[in-house]
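Pasting the structures in now, so scroll down.
In the two complexes below, subunit A is the common chain; its partner is subunit B in one and subunit C in the other.
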Partner chain A sequence: MNRGAWLLGRLAQIVPSFLLIGVVVFVLARLLPGDPMSAMLGDHASDATIARLNAQLGLDQSIPVQFLAFVEGIFRGELGVSIAYRVPVTQLIAERLPATLILTGLSAVIGIVVAVPLAFIAAMRENQWPDLVIRSVFQVGLSTPIFYVGLLLLTVFAAQLHLFPVGGYGEGWADHLWHLFLPACTLAFSFAAILMRSLRGAILQVLTAEFVDFARAKGLRSRLILGRHVLRNALIATVTLVGLHVGSLLGGAVITESVFAVPGVGRLMVESIFARDYPVIQSLTLVLAVLVSLAFLVTDIVQMWLDPRVGR
Partner chain B sequence: MMASRDDSTGLTVRELRVVFDTSRGPIFAVDGVALDVAPGEVMGLVGESGSGKSVSLRAVARLLHANARVTGSVRWRGQELLSLSDDQMLPIRGAQIGIIFQEPMAALNPVLPIGLQIEESLIAHTTMDKAQRQARALQLLDQVGIASGATRLAQFPHEFSGGMRQRAMIAIALAASPALLLADEPTTALDVTIQDQILRLLLRLKDELGMALLLVTHDLGVVAETCTRVAVMYAGRVCETGPTADVFANPHHAYTAALLRAMPGSGPAQAKLIPIPGMAPRLDAPSPGCAFAPRCTVSEPLCTTTRPPFVQEATRSSACYGRARL
Partner chain C sequence: MSKVNGLTRRASLALAASFSALPVMGLPGTAQAAPVRGGKMVYGRYADSLFLDPVLNDANVDIWVMTNLYDTLLLPTNDGVGVQPGLATKWEMKNGGKTLELTLREGVKFADGAPMTADDVKWSLDRCRNPKNGPWTDLVASIDSVSIASPTMIVLVLKHPDPSILAALATFNTAVLPKKLFEAAPGTTDEEKAKAYAEKPVGTGPFMLSSWQRGVSMKLVRNPHYWKKGEDGKALPYLDEVEFQIIPDDSTRLLKLKAGELHGTEFVPYSRVKELKAEKDIRMELWPSTKVSYITLNCHPKLKDGTDNPLSNVKVRQALNYAVNKDAIIAIVTQGLGVPMTSFMSSTTPLHHKQTLYKADVAKAKALLKEAGFPNGFETSCMMVAGNQDGLNTLTTLQQMWAAIGVKLKIEQLDNPSLTKRYRAEDFSMRTASWTNDISDPGEITTYFAYFPNIGSLHSGWQNKKVDALYLASNEEVDVKKRAAQYKEIQEIYAAEAPIVFLYETPYPVAFRKNALGFVQIPLGNNLFETAYVAK
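Showing the complex of A and B:
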């Protein structure tokens, strides 16, 4: 099998998983306790008002009809109208998604930039003080709740030192990055911790491989051996984990966006859940699931690029 | 040809000791090895599994890890390798002393094309440009008997068969034309016909390149056929060395004698080294005397208390009190 075919097969696998995600999302939104009417209109709305709104939103239809409308909408790019905001969900998500994408993207970059060199240093100095310091700092990162890290960074770097804004999103690219830097660091902390740990372990594992000794036997410099022979094999063992972690990055974005008042889809999700805003919850879950699937796909492509044994 | 102690052109190993620090205490894997390999010579190294052959080779090439304490003397062309820094070892590794590992699959990097793995050595040790390196890589594949080299160079180890990986590893080890090749059981992992091909290949390359060969093997027949001299190892020590024909015809050490006796039928010409009866020696607590004494048929009380000295005479050396009784 050649690699193109392998990639196509991998793409084809995504279709049924999207369908399944659709069903799960639709059902889950309807299993949430409480109903959107009381969330939107309060407990004292008249029955007539409730019925009118139900009809307007299609909630008086049977569940299968609602599902069909939901699926049909997806294919037309129409995800319904937000119950709470009364604007098309597509528009709402389009407004909110960039902040979240920048936030998670930035935090992934920060995490990788920080974790990869530190993993090398820790592995090279295994059980010596640099390793112990790096590992304990990241141990804190793994065991501290994300909102606490966020509040800490917010207090020190925004409120006290005034180096960064306290919240919001700003205008224009540079401003976005500046506003999202602290939230991204917050989000990156546990990601970097997991990445550092697994990469450090992978490097130590690869360093014991015979081919590393054989590379040394050729008279290669140790820096070349690390860069060419060790890093690549260690990354292969680690990329899958990075891909799997995109899901938790998005999950962490929900909390981080709330702490830093970032107008992203994470906060929108929290608001929508409280408002029982079914169309938004459904569509957001769908969008996030698609993003995670795409992250897996990207992971697979990177894996294929790194590892000649994949897809042949 | 016998290399003497002050030889400044070949390899001279004396009192080589390797202790591995493990969680269960020290392992005395190599416990006093003496070896000489003269330029252009084929030297055999035999001994049962675990006797320290691979560890000795790695110690010579300075490839052991931090958990190994290496002491003694490894002189190469008059230079003491054990006191060189890692940087000082760079021009020696690959270019002067090449090594073939026991496990060809594990020795090749699974994610790099074979061509690059050959060229790396050339980049490190020669001033060849890319075209010259590729031509040389092709020539090496051809020399080790890998056909359609151009396609092969772009392939990865998993696309090679076992025999081809072994050949590729030899090509890599030979890339920078070392003067000494340490070959660790280059044929054990292969089936019989390929074993023979690889062995003949090594001998031919040795002749063509004027290279010396330190050949580790389990196969006494191979030693008898190919090695001018042989060293016999037991429990991390060399029991005896000498010209192969002399050692096999008239062993000076009880272990060598036991090995030869344990061989079925017609002598070393076609016999594998088979384990002799008794317990394998303990490497975590080496005996103060001769390590072979518990399994020896001619031992005397002295053998268990005092280590026999390594006696050198003319072309042979040995360490056995019971030599007269063999």
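Showing the complex of A and C:
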């Protein structure tokens, strides 16, 4: 099988998974107790009012009929209108998605920049003090809840030292990055911890591989061995991990966005679930599923490029 | 009525006295130094607005800020109990309370500079009372017709004398909108036009919307045509701009306030009030509200699962009330900021009748349970919105208090829509709840709490024919004394029958930087920024 065919096969796998995600989310949202109108009007509106308004939204129709209408809308490029905000879902998502993308992108970069060098140091000094220090610090990162790390960073670096703004998003690119730096660090903390540990393990494994011994025996300088052989092999592990963690970064964004008042899709998702805002829930899930699938695809492609064995 | 996260809206001078640190400096006319003109105030909100149409909206997040954009014919007084001139300068009841003549203020302009006309007023009133339009039409259901007697005179003919009509004309849903602009908005139905119009609303209020990024921020700029005058004799508002930032997390909002990135913020958690009072740059303001917090009891003879319901026995409900030490709950849940309820309606509601409700008495509670046939108590459950700290504190305290009389309480945490669904299906034993009024009149709360035909008295199934009859009569009783007597009886019957467990009233906790002055929150919840300013 050549690489092109392999890639096509990968793409073909994505389509049914979207369909499955779409159906599951669509049905699950409607199986949740409550409905958009009683969530919105609260306790005291009359049953007749709620039934009339739900009917206006087409919610009195059967779930398959509603699903077909939704799918049909997708092909027309329409995702429906948010029930709570009364604006097109595409507009809402377009407004909110950039913040989440910048946040998760920035945190992935921070995580990589921090974790990769530290993983090398830890591996090179296995079980010596640098290794122990690095591993214990990241152990804290792994075991501390995200919202707590966030509040801690906010209190120290924003409220007391005034180095960063206390949450928000700002206006313009530079301002966005400045506002999102602390939340990205928060999100990157546990991600970097996982990355560092796995990378350290991968490096240790590569260091004991026969080809490294062979390279050493050939008399190659250790910098060259590290750069050409160990780094390349370790990168494969890193890329896989980063790809797999896009989903959990997006998940972590839900909490981080709330703590730091970042107007991203994570917060929108939480609000929409509580509001039973079906059009937003289903469209957003689909958009996130596309994003995660794309991340997986990119991971596969990069892996293919780094590791000649993949796709053969 | 409108509820968001269980918070709704309304108050009196009696209550004002009971909350320490009442922000007197916030009341217009009593500011210490001359207000500063110009500049911008940044205010942190816990949630964004959803829909800025006064008629079709349904949430406090809309109602509480909408009065900055729109005016009504009459305006609530800042203490929330009376009305004062708004877009109408005079009003006169005629024909035995069945005709109301209103004289329009002259020279009022909308924010776009167009003059407000009697046509706009008639059209707005007709729109808000159209039964198809949204959840608020009941408030103006007594209006039979609206006519224009002259360019400055509007005449309302009522179906019957209505003691709450003046309060209704001071309530957000009767705001005056520009007919031509609204009708020119794209769309065919009222709902579609409202959606388009509310994107860029134009009213006669002190501010106009300049930009709105949903869930992020909303910017209001000064309406140069606003009719109200400030202390300096020049037109209000003082500020050039108000920016609302949406920050759902309580801790983050307060950190932003402390860091000076916000001038003020709402919904300060009770547990943080003391700490903020001690901050030298911050001023805590506790505005009298109409908020009451209570436990709704299911009074049906049987529960939905078919089992007998002990709460259907009035003695059991009284026993539960006697077993509660309200002062202890207030200390634990509100850090002492609340006061015990003295009726089902807040003490800030007009015609509130003050009673001492169920002073804690465990022996009496036990005796009542024994008389009711439950000498060893029973097991029951209470629903609450998952994650609500106040609700959880209340219920864990009640668990202990009721354990003393043998009642075992199970706490059920549900997400809000799930809870609402079971509540509306009357499939519950108890639930935590709170209420705020939307109109300065006892009628609204009574129709939900006590008048059975509306929603079965908070879906409790409790019905008292006398109360229903008194309520109906009170809706047409224009003699204030007679109406007060009717309401006294309703409140006494309600207290004795106890379809709820009476807990406490609380103020609105708002915090400001020391240099941010002049903000007013009335008991109905309305956030008024027209007299707000930032001192140098």
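The working rule: the second predicted complex is superposed on the first by the 306 of 312 C-alpha atoms of A that agree within 3 Å, B and C clash if a C-alpha of one lies under 4 Å from a C-alpha of the other, contacts with A are read in each partner's own complex, and residues count from 1 in each chain.
By definition in this document, a residue touches a chain if its C-beta (ideal position, glycine included) is under 8 Å from a C-beta of that chain, and two chains touch if they have at least 3 such contacts.
None of the values given here were measured: they were computed from a predicted structure.
Contact with subunit C, but none with subunit B, is seen for A:L154 once the two complexes are overlaid on the shared chain.
By the touch criterion stated above, A:F260 is placed in contact with subunit C alone, subunit B being left untouched. Taking subunit B and subunit C in turn and counting the residues of subunit A each one touches, the greater count comes from C. In the superposition on chain A, A:D307 makes contact with subunit B only, not with subunit C.
When the two complexes are overlaid on their common chain A, residue A:P165 makes contact with subunit C while staying clear of subunit B. After overlaying the two complexes on the shared chain, residue contacts for A:K218 are found with subunit B alone; subunit C is out of touch. In the overlay built on the shared chain, the residue A:I236 is in contact with subunit B alone; subunit C does not reach it.
Of the two partner chains placed by the overlay, only subunit B lies in contact with A:R228; subunit C stays clear of it. Residues 1-4, 8, 50-51, 58-59, 135, 191, 195, 198, 213-216, 245-249, 251-253, 255-256, 258-259, 261, 414-418, 420-424, 433, 448, 454-455, 458-459 of subunit C are the ones that touch subunit A when the two sit in their complex. Contact residues of subunit A toward subunit B in the complex are 208-211, 213-222, 224, 228-229, 232-233, 236, 306-309, 312.
Of all residues in subunit B, those touching subunit A in their complex are 58, 61, 63, 65, 86, 89-95, 98-99, 101, 103, 106-113, 120-121, 124-125, 156, 158-159, 169, 172-173, 175-176.
Looking at the complex, you find that subunit A touches subunit C at residues 32-35, 38-47, 49, 56, 84-87, 92, 95-96, 151, 154-155, 158-159, 162, 165-169, 258-261, 263, 267-268, 271, 274-276.
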